[in-house]
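We just call them A, B, C, D, E and F in the order they show up, numbering each chain from 1.
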Amino acid sequence: MKSTKASETLSISTHFVLPNDTNMLNNLFGGTLMAWMDEIASISAHRHCRRVVVTASVNNVSFRSPISLGAMVTLEAKVSRAFTSSMEVIVDVFVEHPSTGERTKSNQAIFNFVAVDQAGRPIEVPALVPETENEELRFQAALRRKQLSLVLAGKMKPEQATELKALFVSAGEE
Amino acid sequence: MKSTKASETLSISTHFVLPNDTNMLNNLFGGTLMAWMDEIASISAHRHCRRVVVTASVNNVSFRSPISLGAMVTLEAKVSRAFTSSMEVIVDVFVEHPSTGERTKSNQAIFNFVAVDQAGRPIEVPALVPETENEELRFQAALRRKQLSLVLAGKMKPEQATELKALFVSAGEE
Amino acid sequence: MKSTKASETLSISTHFVLPNDTNMLNNLFGGTLMAWMDEIASISAHRHCRRVVVTASVNNVSFRSPISLGAMVTLEAKVSRAFTSSMEVIVDVFVEHPSTGERTKSNQAIFNFVAVDQAGRPIEVPALVPETENEELRFQAALRRKQLSLVLAGKMKPEQATELKALFVSAGEE
Amino acid sequence: MKSTKASETLSISTHFVLPNDTNMLNNLFGGTLMAWMDEIASISAHRHCRRVVVTASVNNVSFRSPISLGAMVTLEAKVSRAFTSSMEVIVDVFVEHPSTGERTKSNQAIFNFVAVDQAGRPIEVPALVPETENEELRFQAALRRKQLSLVLAGKMKPEQATELKALFVSAGEE
Amino acid sequence: MKSTKASETLSISTHFVLPNDTNMLNNLFGGTLMAWMDEIASISAHRHCRRVVVTASVNNVSFRSPISLGAMVTLEAKVSRAFTSSMEVIVDVFVEHPSTGERTKSNQAIFNFVAVDQAGRPIEVPALVPETENEELRFQAALRRKQLSLVLAGKMKPEQATELKALFVSAGEE
Amino acid sequence: MKSTKASETLSISTHFVLPNDTNMLNNLFGGTLMAWMDEIASISAHRHCRRVVVTASVNNVSFRSPISLGAMVTLEAKVSRAFTSSMEVIVDVFVEHPSTGERTKSNQAIFNFVAVDQAGRPIEVPALVPETENEELRFQAALRRKQLSLVLAGKMKPEQATELKALFVSAGEE
């Protein structure tokens, strides 16, 4: 099975925040943003493995600052690491300044998808090859997150989590 | 400021999964479920503090098994712990068997909300008082999750995270 | 066929009124409220009989006072009486005061559903057993409404409508 | 205040039933139909009085036969009678046979709207002038429905409801 | 195959512009208007041929003046000419003055649909018979538009486009 | 006023076609695609001038082949030419083969936007600088389309339309 480069999984979507998308403070509704994230992240995972993918879990959805009505929002999703039949996808969300065009990162989320066959059974996916320095950092951090998740779920013993020592070191997300 | 009992924050929403809500496998679209979760979780947080609340982060959104078209889905949200101006809300998602009415837990998510004034600045919220055993377990686990999140964000030194030793012990989510 | 208690059919849904749901006066759009009512009422009817149910008619949808943008709205649906293959469901709508949490009843609607098999043919449903005093009053009033509806449709002669004498007496809806 | 002819309030809307609008049986979702009805009925009421109108109550929403996916549905709304500050609007729903174009009536609903000023207070509306025989029959029946509604709400004594004797006679809805 | 009169294809839809439909300037979102146009135009084409129709192209969607929040918008679609298996449909959009009811034309669009069988293959449609003077003008202009479109697509030589000389003469759209 | 390079206006959006987006043949609904086009085209026009933009007209929306449920669709919008206060934006729509990832062009549309100030009055926009060969061809063709549109609207005499001689030559859209 041929491996996939991180850059090949890059998926982009740009939206205007319309009245339809806002909450009582005239800011983008968290649920709407998560629905946008889920769509673009699943497109990225699909581009990695070219199979049907289903959302397995979502983590670390952070809302640094509110996104206001009328803002122009770009979501960029990229696979950070592939495991046997699952893929971790990181979605970065940027807001573009209306007059200058300058981009500010406003949100991030980490999705996990599983590739499935037509009966919904997990199937193997290609390896992910990081190329840039940031892709490499995220590739390393993905393993620590995987181990942490297994330990928290009681599926791995803490002493087996060899990467967990590195857990408290900066995780490569800018 | 009067504290709030966990049971006072219980918020419930029941939905039928309609064609409009499904993905290519005829299962509930992850993004739609997250939008439903965000709505009911924010209602629970609001009931805790009776102020405007904004989503700060989302974690541990798990999708144990797909939810199929036509399923009857109940979301139950309850505040698990309050900190200075933030609240952790746990959303449990149950699917109801169409013929027997038996409920099966299919998903869970952990939301963090911040209470804000009209200018969007954080304001203090009441303490949360757990009463049942499960509420007590989740109340304890919330502190560990808070510390882990602070350590991961580089805002707390690992040696100060006194509760983190307990991190690898089961976290009280059934 | 085992009868069902009214309390077993209770179905609840809580919503925030978002910009998306409002009309020109910044109040909840009547059509949106009716769509919410139909969903939760059909869930209640389904819980009564555990079969596919279809909306047969809707009556007495009252809009006592407008529901404003940002309001927290709770719909509670409960079967009030079952007939051969149909069920009457009453939906009560409450608005929650944002600061005090006090609930005010703002709307009510009476739905009729029919249980159907896979070919869409009506099938028998269990009897409904009222328990509280309010459930009993609504159970009695349901029969009068049924007779009134039959008389108005020309399917029952006025003199056979034995319960109609009681029609002008208060109908048990608080 | 100049009166309005019933024909001047006729408002029409035609829709295709798309997957987005259907329930589990591939039929038009009751809530969606009611939302469509509310929109076209409020347009009709607005055309009667040329003021902002709000939904006051809905009655007699009948679902004679299910409307299937792909059907072409036409809603026709017309004011049947005006009272001091309220208007009764009847919505007739027709399904068009795809090959022959023949129209079959599938649903009907009776809406009541109130005209309001910018502060939301009721204001007077013009009288409604029926012209055709069917408009005349519905105009008469509207008064009986008004009296029945007042009696049921305890706001009119049964003996004052002079039109109620006619209540059990066919109500002019074809 | 029996021909169809233009008047038999008239299809009407009236909408209130709700907050859900507006952009940042509180005007009707162009995309929403186009979605409304596509629905009513496809209904008109279907009424012409009574077969499944698919959108082939859209042209001349003009936005003369913005349509504001709260406006009452009527779309009228009518087939202007039929070709072998395609139909040109013109959609006129009118805004109704809230106090006087006077209608102003605000937009127009020209759609082309193809009638297809169940396998999606084009099938023949009836001829369109114009009756009024405006229908006749649009019928003539439709042929010029067809030729222009074929020339632009390189499927017809300019010298064969016999109607193109008339292209620069007024096209019969009021 | 500094000119803008065509490449700086490139705006991208990728979507999965979900059940919610499809018509009776399980293909992407034309209206939905046009709404997606309008959003991404307006983002591109905004990036050109960094002002509020409103849709002025849409042309040449072609639907070469139906887009089926489950397809992955990418829209790419780029400004092709700027005039005094208006911008022409071309949207190319590609469908991605699920297994191979190969992209096929399925649709194209040409939008015109006007930049406006807060009162909705047209304001000047920067010039557009084409760089690639395809950008240059589209830049030239945009002038011919502009002239054709002015002639058809009776705002330019045919003999002044100096570029119209080139009209029947292939227009640079691949």
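Going forward, a contact is a pair of C-beta atoms (placed from the backbone, for glycine too) under 8 Å apart; a residue touches a chain by one contact, two chains touch by 3 or more.
Quick caveat, the model's predicted, so the values are computed rather than measured.
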### Query
Listed by label, which chains are in contact with subunit B and with subunit C?
A, D
### Query
Measuring centre to centre with C-alpha atoms, which chain is farthest from subunit F?
C
### Message
Can you tell me which pair among D-F, E-F or B-C shares over half of its residue-numbered contact pairs with B-D?
### Response
D-F
#### Entry: Chain centre separation (subunit C, subunit D; CA means) in Å
20
### Summary
Averaging C-alpha coordinates per chain, one finds the centres of subunit A and subunit D separated by a number of Å equal to 50
### Summary
When centres are defined as mean Cα positions, the distance from subunit D to subunit E in whole Å is 30
### Junction residues of subunit B - those touching two or more other chains
16, 19-20, 23-24, 29, 39, 42
### Query
Touching pairs of chains, which are they?
A-B, A-C, A-E, A-F, B-C, B-D, B-F, C-D, C-E, D-E, D-F, E-F
### Summary
So, in the complex, the side of subunit B touching subunit A is made of residues 23-25, 27, 29-32, 34-39, 42, 52, 54-63, 66, 109, 116, 120, 151-152, 154, 158, 167-168, 170-171
### Message
Considering only the defined contacts, which subunit A positions touch subunit E in the complex?
### Response
16, 18-20, 69-70
### Query
So in the complex, which bits of subunit A are touching subunit C?
19-20, 22-24, 29
## Note on the structure
In the complex, the residues of subunit A that touch subunit F are 11-16, 39-40, 42-43, 46-47, 50, 72, 98-101
